[in-house]
Amino acid sequence: MSQTPETTNARADFEPFIQIKDNYNFWYGSTQVLFDMNLDIPEKQVTAFIGPSGCGKSTLLRSINRMNDLIEGIHHTGDITIADQSIYDPSLEVISLRKRIGMVFQKYNPFPKSIYENIVFSLRIAGRNKKSELDEVVERSLRGAALWDEVKDRLHESALSMSGGQMQRLCIARAIANNPEVILMDEPCSALDPIATGKVEELIHELKKDYTIVIVTHNMQQAARVSDRTAFFYLGKLIEYDVTDNIFMKPSNEQTEAYVSGRFG
Amino acid sequence: MPKSQHSFTSIRPKGEALVWFTGMGLSVGILLIIGLLGIILKNGLSMFWPDTIYEVQLVEGSTAGPRNGQNFAGAIALERHKRLQEATNAGLTSEFQFFAGNKDAYGQMYHYVDADQIVTDATGEPLFTPASGILQLERIEFGDALGFPLEIQLADGTTITEPEALKAALFKTIEESNERLETYTKIEKKQIGRINSKMESIRLEQRALREELGEAAAETSPQIQELNEQQAALQAQYTELAAEARELRERRHQDSLLLRLATGEERRISFENITQAHFPNEMSLPGKVGFFLKQIWRFMSEAPREANTEGGIFPAIFGTFVMTLLMSLAVMPFGVVAAIYLREYATQGVIVRAVRISVNNLAGVPSIVYGVFGLGFFVYVLGGSIDELFFSHKLPTATFGTGGVLWASLTLALMTVPVVIVATEEALSAVPRGMREAALACGASKWQAIQRIVLPASAPGILTGLILAMARGAGEVAPLMLVGVVKLAPSLPLDGEFPFVHLDRKFMHLGFHIYDLAFQSPDSDAAKPMVFATTLLLIVLVIVLNLSAITIRNHLRKKYKGDTF
Amino acid sequence: MNRYFHKELEEIRSKLILIGEKANEAGRLAVEGFIESDLEKTQAAVKMDDEIDDLEVEIDRASVRYITLRSPVSSDVRLIFVAIKASHDLERAGDEAHSIAKKTRTILTRDGKVKNPVEIEKMSALAFAMMRDAITSLLDENLELAQGIIKRDKEVDRINKENYTTLYNEMKGEHGDSSTHVETILISKSIERIADHAKNLAEEVIYLLTGE
Amino acid sequence: MSSTSNKPSEERFTVARTTLILDRLMTGVIKGGGWLVMLAVFAIFAFIFVQILPLFGHPEVKSVGEVAVPVDEVAVMGVDEWGELPFFLTQSGTLHFADLPRDVESRTYQRVDGDVNQLALGPRGLFEVDTKLPEKNWTGFYYDAYKGEIALGSEDGRVALLHLDYKAEFLEDAPRMVVPEVKSELLPALSQSDAPVRQLAFFESTTNRAIGTLQESADGKTIVTLQTYVVKSSLFGAPKMVPDAQIDLGHGITDEKPERLLIGGQGDRILLTTEGGWLYYLRLQKGKLERVQKLRPFADLDDTSIHSINWLLGKQSVILTSKSGANITLASYLDEEAGQILYTKIKDFPALDAGGANDFSPAQRNRGFLISNEHQLSLRYSTTGDVRWETDTDFPLQKIALGPRWDSIFAFDAQQNLHVYAVDDPHPNAGAKAFFGKIWYEGKSEPEYDWQSSSGTSDFEPKLSIVPLFFGSIKGTFYAMLFAMPIAILAAIYVSQYLKPEAKRYIKPAMEIMASLPSVVLGFLAALWLAPLIEDRVPSILLMLIAIPLSAAMLGYFWGRMPQTVRNRIRPGSEWMVILPVVLIVGYLSWQLGPTLESVLFRVYDPDLGVKAGNFRLWWTETTGVSFEQRNSLVVGLMMGFAVIPIIFTISEDALTNVPPYLTSASLALGASRWQTTWRVILPTASPGIFSATIIGFGRAVGETMILLMATGNTPIMEWNIFNGMRTLAANIAVELPEAPQYSTLYRTLFLGAMALFLLTFILNTIAEVTRQHLREKYKTI
C-alpha cells in the first residue's frame, strides 16, 4: 500500500492531457495550500477531485485556468501543462488559456442578459458577431447542454427567469460555446436540487465524449457516479488517485478508505 | 398580583406609553415635512392665481391707504394677527396686507391696514366689495397697475372710449405692441449685436496691428485701412438698423392707455410698458385656471425684470440646468473611473479601506469648503493662468480669472464626486463576484468583463448616484456664491453666438435667486411671491430628481433581492 | 428519468435472466439424462453448472459495484438485492442440477440404466415450470405469476414425498442393493430443492415488485 | 457535437490583439484616472493647507545693500511708498533725497558694479530740494509718515510745517520716476517764548490744527504749549487756518518736568510725559483743558522714566520704551465705569537689549512698527505683541524708516551709510495668537476673542480671531441638535421597531427627501417666514415644546390603561395615526394659548404702551440682560434641526433595523414587551449606530451655510443666549470671501476657517464611519 502520489500515479495507463507536475506547490500569501502535486488527467474522461473542505481541490481546479490570478499575493512552484503546453508559459495569454478551458461554477451565474446573449458572450468578446454563426453556436451549445428543447422558444428572455437547474445548464452551455478542450466544474451541483443534479450529471456523462472534464465535488456519490478517475485530496496533499472503482471499492490508502466510507475525522 | 395569575389579559405590556412617545417623534417629523411643503406650495402657487381685487373703504380719518386716502382697490395678500397697540385690550388684532399695485402712483405696492381701520359690514366683519371692471396690467416698470380703463389713444390719433371696443382694442394693442417689441429686440439684440461683435473684433485687430507695427506705421498700412473701411460699412449698417428699431420703439411708446385708479386719479400708461392685461374680477373659473397656467409658463420662460421682483426666472432655470449638466459631465466619468479603480483594480487593503472611508467622509465636508477651494484654485490659480496664457489681450479684465459657469460646475463636480464614487462602488459591489469570474472564465479580458458585464449590471446604481449628485448640485448655493453665480446675468452661458458655449460667463441659479430675492431685494414685499414661486420650482426639481433616484434604487433592490446570487 | 448508469442495471438483469436460463437448462439436462439414461446430457449439465457459478460471481461483483458507485435506492436497490439473492438461488439450483447429474452418472455407471424413474419426470416438469415462471416473473415483473408459483411448490413437495414413500417401500420389500433407490430419492429431493429455489426466487420477485 | 471538437482549431483560442491592447489601455486609464481623482479630492486639503501656511510663516528680512549718504546732522529720515527716494532732513532744515532707482518688476536696486553690497545711486544722485524755509537751527521735529507731515521747531521758538508728497511720474521710454513734492509753511511766531523748541507735536485735519510745543527756557523751565488753529473760510480764496487759542499744557504739573508730548484724537487728546516717568492724558474740551488720567507706564521698573513715546497708525495706541529698553503698547479704551476714554497697557513686548529706543517708524498700513536703539533694529507688531524680526547691527544706528508698504527697512548709521533691507512679511497680523488667542485690541476694555476683518477706514485694526466663529458654529449646531436629536431618534425607533412595513415603505423615502431640501430654501423660510412668525410667539413655541411631548406620553399612558378590547382597535404599528391629529391639535392650541401665557407669565413694563403688559421680548431682555433678536438661535435651531433630522433619522433607523431579527424574536419569546425589547435589546446593540448618526448630523450642521447665513444676524458674538444670533465659520466665509483680495491676510484667514471646518467635519465623520463599521462587524458576528 503506497503512500506517495507518484506511485499511485504510476499506474497511469493513458496518454495524459492535463499534467500537474514538477511537484506543484501553491501559496496564498504565506499560507501554502497545495503541496507537491503530481497528477495526470486523461483526455475525454471525467476526473473528480474529492476531499474535505479546505483540502485544496478547488484551488487546484482554479489553478488550471489560472482563475486564482484574481487573488492578490499568490505564487506557485512546479508546472501545469495542457497538451504539453505550460499554462505558465509567459508567451501564453491567460485569456487565451481561459478560452481553451470552460468553467462552470458552484453557484450558477448567468449574466443578467438574455439566454442567447449569455451563450454568445465568449464569441462576442472575441469579435465574432456574425448572426448565422452565433445562431448555430447557440443551438449547438444548448443542445449540448440538453437545454435546447426547454428554452428554444424563449432565447431572448432574461436568463434570470430560468430555474436553478436550467441556469446551471445554461452556464454549461455558455462554457462549451467556444468549444473548449477542457471543462472545469467547481461543485456544479451544490446549489441544485436532486432532479437538477441528476440532469447535470447526465450532461457531464454526455459531455465527456467531447471534452476533458475536471470536476470538484463535495458529494462522494456524485464523484462515484460521474467520474472515471478520482483524486482524493487531504490537507493540500494528493492522497490517492486512481480509477473511480478502485477509489471507492478498494482504496489502497487508509485515509481514502476512511473518507469514502464516511469514517473521517 | 394574584389576579394576574389567572388572567392573561390583565398583564399590561410595560412601556406602552414610551412606544407612543416615540410615535410622537414620527408624527412631528411628518407634520414638519407636510407643513413646510404645504406652505411653499400654497405661497408658491398663489402668485399665479388671479386674485380678486376688492374695493376697500377705510374709516373716516384713516390714513392707512395709499396716498393717505380712504379708498383704494387691492387684493388681500396677507391677513395676520398683530400685537395690539392699546394696552387696555390685551391680546391680538388682525392686520391686512393689501396688494394695491400702482407703484408709480403710490410709491409702494403693498400696504398694511389694521382691521379696525376698514369700514365694516353689519356683522362687524371688514367690508370688501369686488371692484367690478377693474383692470390689472402687468407692466415692465413699476409692477402691476390696477385701475379702470378709460380710453386708449393710438399713435395714429384714434381714441377709443366705448367700454366693449376698448376692451377689444386693449388686447389687440397689447398683442401688436408685443410683436413690435419682438421685432426690434431681434434687430437690436441679434443684428446689431452681430455688428457690434464684428466691430469689436476689428478694433482688437487694429490694436494688435498698432502694437505690432507701431502707431505711426500702422496708420498708413493697407491692413489698417481695410479694417477702417470695414468699420465704416458696419457703421452704416448699424445706423440703418438703429433707425428702424427706433421707429418701432417710437410707435410703441405713443400708444397709450388712460386708467382711472381706485384712489381717483387718472394715469396714462404707454403700451411699451404693458406686457399683459386681465380683468381679474370678471374671470370665470376655467378662465382663471387658464390664466394660472399661462402665468406659470410665463414665469418659467421669461427673463426677470425690476430687480428680479417681476417677470420670470428663465435665466435662472437655464443657468441651473447648464451648470448641473456640465457638472454631471465632469463628475460622471471621474466618479465612475475612481470607483472602478477602488473596487476592481486597487489592491484591497488597509490603504484602500482608508481611502474609501475618506471618500465617504468627503461627502460630509461642508459645501462651502469646496467653494473656497473652487475660488482659490479654479478661479484664481487655474483661471488666472488661462487668462495670462490665452486672454492676455483682455487683461486686466478677467475672462476665466473670475467666477463662471465652468468653475462653478467643476467646483460642484468636486463636491459631488464622493457621492458618485460611493454610489458607484456600492453598485459595483452589488454585482456578484460570480459574474466577473464567469466572464473571465469565458475568456474575457478584465476590461471586457467590466465593460460588458459589471458596468451594465451596475448601471442603475450608478445612475442613482448621478441623480443624487445632480439633486445636490442643483440645490447647492453656498459654494456657487464664491465661484460665479450672479443675481442678474446679462447673457446665458449657452446661446447662438460663437462659440455657443460660454464657459467663462457668469450665470444665474435658482438657489441663489432665492437667496438674492429674499435678502438683496429692495422691495421685499414685492419679492416675496417670487421667492416662494422660485422655491417651489427648485423644490419640485430636487424632489423629482430624488424620487427618481429612490425609484431606481428600489427597483434595483427588488431585482437583486430574492435571487440567489 | 433514465440515467446513463441504468444500463448497468439492465446488464445485471440480463445476466440474471441468463443465469436463470442456464440453471433451468442445467436442471433439464440433468433430469433428461436421468430419465433417458443419457450420460452425455448429464455431462452437459455438469459443465453448465460451472458456467452458472461464473455468472453468479459476475452478478455479485456488478451488484456490489453498482451499490458502491451508483448509490441505488428504492426499486433499484431491491433489484440489486434480488439479483444477488436470485443469482444465489439459481446457482444453488444449478448446483442441484449438478448433483442430479452426478447421481444419475453414478446410477448409470452402476446400473447402466435407470430402472425406476418413479414420478421424477412429472415432478421435474413441475419444478422447471416453476423455475421458468419465476424467471419470467422477474423478467416481466409479473406479480401474479410470482404469487402463483408459491402455491405450486406444494405439489412438488407432495410428489417428492410420494416418490420417497414409493422408493422406501420398494427398498424395504426388495432385498438387495438399495443404493439406486437412495440416489433416486436424493435426485427427487434435488428437484424438490430446485422447486424451493424457484419459490424463493418468486418470493424475491414479489419483494422486488412490492417491496414487502 | 461538431466533429471539430476532436482536433480543436487553435484559432478560436487566440486573443485578438485589439482586445489585449484595449485591456491594457483601460487598465492604464482606470488606474491613472482613479489615482487622479483620489489625488484631486485630497488636493483640496493640500491646496487649502498651502494657502494657510504663509499665515504662520516667519518674515524674511534680507540685507539688500548699503549706500553712502553724506548728510550731516540728520534729524528726520523717511521714505516714499516705492522705497526709491529716501529723504533726509537735517537740523539746519535742508532736505536731501537719495535717488535709489528700483526695478519695477523685480523690485531690486541697482548696484555698483562688482560689489554685491553697494547700491548705486541713480542719475539724480543725492540731491537737495529747497524747502523754502528760512535758514534756522531746528531743534525739535515731529514726523507723521502716514500723512507726510513734518513739523519743525526752531531754536528761537518758531514752528514750521513741511508737507512732503511723493508722486510717480511716467515718462516715455523711461522707467517710472518718483518725484518729491514739498510744501512748507512757517507759522507765525505765536509762542510766548522764544526758547528753543525741544519737542513738538502736531495734528491737522480739514477743520482744525493743533501744535504742541515743549520749550526749554533759559532758566531751565519747561514750557509746554498747545496752539490751536481753526479753519476760517474767507469770502475770497481757499479756506485758511487761523490761530485760535493758546493753552498752557504744563499748567498744574508742577512737581514734574514735562519731557515729551503727543497730540491725537481730533487734536483734543494730548499725551504728556514727564521726566519722572508719568504720563498725563489731557483732554481739550471746548477750549478747556481737562486732566483725564495720570499713569506711570513703567511703574514696575527701577527706572520709571519714559524714554520714547510714539503714535501707532490710527493714533489710538502709543508705543513706549523705558530707559532700560522695556517696550509696551498703551491704548485708549472706553472705560465703562469711568464713562470715558482712558489709556492702559495692552501689550508688553520683549525689552530692547541696550536701552530705550532712539528712533521709531510706524507702519502705514497696519499696527506694526520699526524700533531701534544703537545696535538693535526690531520690527514688531502691536496687535499680537509679536516681534516679527530683530537684528543686532554691527554699525551704530542713527535713523530708521519703515517702507510704507511693509516691504523695506532703511537704516541710517552714524557713518552716514544708508542700509537697506528687503522685508517679505505678507501677513504680519497673522499667527496662532491672532487666530486662537485672546487679544487686547485697541479701544477694548479687556482682552477678548473678536472677529472684525475690515471696515471703511484704512487705519482700522483687523480682528481675526476665529474663536467666535467657531463658537457660533457650535452654538447653532447645539440648538439644532437639541431640537433634531429627540425627534429624529424617537422617530427612528418608532419606524424601525413598531411601524407597519407598508407605511414604512412611504415614510422612509419621505424622510430621505426631506434631507435633500436645498438649504437655501430652509434658510429663506427661516428668515422670511419662521422668524417673523415666531418673533411675537415665543411663549407659544415654548408651550409647544412642552405640551406636545407631554400629551403624547399621556396619550400612551392612558391608552395602556384601557382594556384590551379597546386597545385592540388600533393595530400595533399604527399608533402614529392617532398621535398625528393629537399633535396637530395640541400644537394649534399651544399656538393660540401662547399670548395668554405671555400675558400671565411674562408681564413686564412696556415703554411703548406705558403699562405692564405681557411681552416676552422685553421680559427676556429685562430678566436676563441679554438681547433678543428676530433672527435668533431658536429660529436657526428649528430650521437647521429640520435639516439634520432626516440625516440622523436615516442613519439611526438603518442601525436599528439592521439589528439581527432573532434578537428581537428571542426577547419577545421570553415575554418581554415591545418597549422592553427595544430598550433592553435593540437600543444597547444599536447605540453605536445612533451615536454615529448624531455625529454625522452634527457634522452636517456645523458646515451648514445658507440657513445660518440667512437666518442669523451674522454678528460674531460669544453668548449662549438662544434669542440672539451668531456668526458661523461657514457663513463667515460666504460673507467675506467674495470681498477678500487674493492672498491677503483675510483671504488666507478665511481659508484657515475653511480648513477648520474641513478638519472638524472630516474627523467627526471618520469617527462616525469607523463606529458604523465596527457595528456592522458586530452584527455580522452575533
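For clarity, chains are labelled A, B, C and D in written order, and residue numbers in each chain start from 1.
Assume a contact is a pair of C-beta atoms (placed from the backbone, for glycine too) under 8 Å apart; a residue touches a chain by one contact, two chains touch by 3 or more.
Note that the coordinates shown come from a computational prediction; the quantities given were computed from them, not determined experimentally.
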item: Closest chain to global C-alpha mean, per-chain Cα centroids; value: B
item: Longest centre-to-centre distance from chain D, chain (CA-based); value: C
item: Contact-richer chain pair [A-C vs B-D]; value: B-D
item: Euclidean distance of C-alpha centroids - chain A vs chain C, Å; value: 50
item: Between chain B and chain D, centroid-to-centroid distance (C-alpha), Å; value: 34
item: Between chain C and chain B, distance of the C-alpha-averaged centres to the nearest whole Å; value: 105
item: CA centroid of chain C to CA centroid of chain D, Å; value: 117
item: Residues of chain C touching at least two other chains; value: none
item: Touching two or more other chains - residues of chain B; value: 443, 445, 448
item: Touching two or more other chains - residue numbers and ranges from chain A; value: 95-96, 99, 125-126, 178
item: Chain-chain contacts as defined at top; value: A-B, A-C, A-D, B-D
item: Chain B-touching residues of chain A, taken from the complex the two chains share; value: 65, 67, 70, 72, 95-96, 98-99, 101-103, 105, 107, 109-113, 121-122, 124-126, 160, 164, 171, 174-175, 177-178, 184, 191
item: Touching residues (chain side chain A, partner chain C) in the complex; value: 195, 198-199, 201-202, 205-206, 221, 224-225, 244-245, 248-249
item: Chain A residues touching chain D - in the complex, by the definition given at the top; value: 93, 95-96, 99-100, 125-127, 140, 144, 178-181, 209-211
item: Complex contact set, residues of chain D against chain A; value: 1-2, 4-6, 8, 12-16, 18-20
item: For the chain D and chain B complex, residues of the former touching the latter; value: 15, 19-20, 22-23, 26-27, 29-31, 33-38, 40-42, 44, 47-48, 51, 486-495, 497-499, 507, 509-514, 516-521, 523-525, 527-529, 536, 548-549, 552-557, 559-561, 563-564, 575-576, 579-580, 582-584, 587, 595, 599, 606, 608-611, 613-614, 642, 645, 649, 673-676, 678-679, 696, 699-700, 702-706, 709-710, 730, 733-734, 737-738, 742, 750-751, 754, 757-758, 761-762, 764-766, 769-770, 773
